[in-house]
Amino acid sequence: MKLKYFAWVRERIGVAEENLDPPDSVRTVGELIGWLAGRGETYAYAFEKPGVIRAAIDQTHVKPDTLIAGAHEVALFPPMTGG
Amino acid sequence: MSIPVSIRIQHADFDLAQEIATLTAGRTDIGAVVSFSGICRGDGGLAAMTLEHYPGMAEAEIERHAHEACARWPLTGVTVIHRVGRLTPGDNIMMVLAASAHRQAAFQAAEFLMDYLKAHAPFWKREENADGSTWVAAQQHDDAAAARWDKT
Amino acid sequence: MSIPVSIRIQHADFDLAQEIATLTAGRTDIGAVVSFSGICRGDGGLAAMTLEHYPGMAEAEIERHAHEACARWPLTGVTVIHRVGRLTPGDNIMMVLAASAHRQAAFQAAEFLMDYLKAHAPFWKREENADGSTWVAAQQHDDAAAARWDKT
Amino acid sequence: MKLKYFAWVRERIGVAEENLDPPDSVRTVGELIGWLAGRGETYAYAFEKPGVIRAAIDQTHVKPDTLIAGAHEVALFPPMTGG
């Protein structure tokens, strides 16, 4: 699964994207964020407030309870500030 | 007849007058064009801002919303240009154009697209000032502004 | 600091880009510029329209409403240009610009000024088509649109 | 008192402006319109539907019951169609 990070999520983790295979027990976007937060200090910092993290699966906005099965690309990022 | 929808994300500046001319050229069914230009402000000692986006998703999401605007209002054309990269105070950030036979449709569509872009389009701003740089925090009133268009 | 308000009634065409440049030149406190352009449509075989106005009153009335907009919303500038004389399909009829630090103020002020202009500014349109010429009838929905801004 | 006419009111009367002195019994804008309507065929045609006529005294919109005393310039015209 390709993971993409943007804005301060990207800065805190230190990479813009990576390929990771979470264990089968990680089924939802929310669980994926929790699993990533346990991967080390930079991830813990990026996901210290999981409630503010927004997510997209295959470039479509999704909610934390969305299942990640079948996802090619999961993006995690802060609330958007365009316009 | 399909409605011309043009979505561009680019580093370069844009020319609003040229975009209006393109949208209206050769047509006599357009009575109203509303434009919104977002400009980089220099408030609070801002030296520059850097805009990051999610390539692919940003274009697709804006295009989806532009087509939704065309379904909701009798539009004759929509153009959205959003810049990315480093911008300084006074620089254009983005623009939305909505054209229609009637003014209400053009105003409503332009506001709808702006509210959407502020709250949901995958762009992020980082601001630089004398103290360093910080990511702009999302505004709750932007979420509220976007939610007023939700169909119940 | 007084807010720049420019009101012009003229036969000549206008240049929207130039007007925006004038309104924003040298400033870094403007985050949003909303423009409305009204364009002559060719519906129903329209060949031309002729716009008549009440000189003196038209300028004064528009200026009064521009200043009311400045009192209602935190604007940094307002420009209104209305053409008079004979226009053909595709020609610009008029434009409104509203500039502000924030998008909502710019959108609201531009809509307020347009609703006012449609219902209350002393201009009259006569349309020419193959059957001759007729004065445009006022639209009740324009009165309703203007009334939504009345303070209760 | 200077009277100004615009759009089809002007066309029907045949002049854009004129100076007239209505009798003292004509006190309001509505009474002025009624008095003008009696001045001949072109005026009767211009003011055949007095309810649609809009008025301004000294370049300010007024209602039919507004008094005309002291007015320098009274303008009579159809509903406005600018913008």
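Think of it as A, B, C and D in the order they're written, each chain with its own count starting at 1.
Assume contacts are C-beta pairs under 8 Å (C-beta built on N, C-alpha and C of every residue); 3 or more make two chains touch, one makes a residue touch a chain.
Heads up on the chains, UniProt names are A, D = Molybdopterin synthase sulfur carrier subunit; B, C = Molybdopterin synthase catalytic subunit.
For clarity, every value in this text was computed on a predicted model and none was experimentally measured.
> Supply the minimal count of touching-chain steps required to go from chain B to chain D.
The fewest steps needed to get from chain B to chain D is 2.
> Rounded to a whole Å, what is the gap between the Cα centroids of chain A and chain D?
That gives a centre separation of 72 Å.
> Report the inter-centroid distance (CA atoms only) between chain A and chain B in whole Å.
26
> Compute the distance, rounded to whole Å, between the mean C-alpha positions of chain B and chain C.
Whole-Å distance between the two chain centres: 22.
> Do you know which chain C residues sit against two or more other chains?
38, 103, 114, 118
> Tell me, which residues of chain D touch at least two other chains?
In chain D, residues 83 touch at least two other chains, as defined above.
> So with touch defined the way it is at the top, what topology do the chains form here? Options are line, ring, star, complete, other.
line
> Hey, which chains are touching each other here?
Pairs flagged as touching, ordered by label: A-B, B-C, C-D.
> Which residues of chain A touch chain B in the complex?
Within the complex, chain A contacts chain B at residues 4, 6-8, 56, 59-61, 75, 77-83.
> Would you pull the chain B residues touching chain C in the complex into a rising list?
Per the touch definition, chain B meets chain C at residues 15-17, 20, 24, 27-43, 89-90, 101, 103-104, 106-107, 110-111, 114, 118, 145.
> Which positions of chain C touch chain D when the two form their complex?
Residues 38, 51-54, 56-58, 60-61, 82, 93-94, 114, 117-126, 135-139, 142 of chain C touch chain D in their complex.
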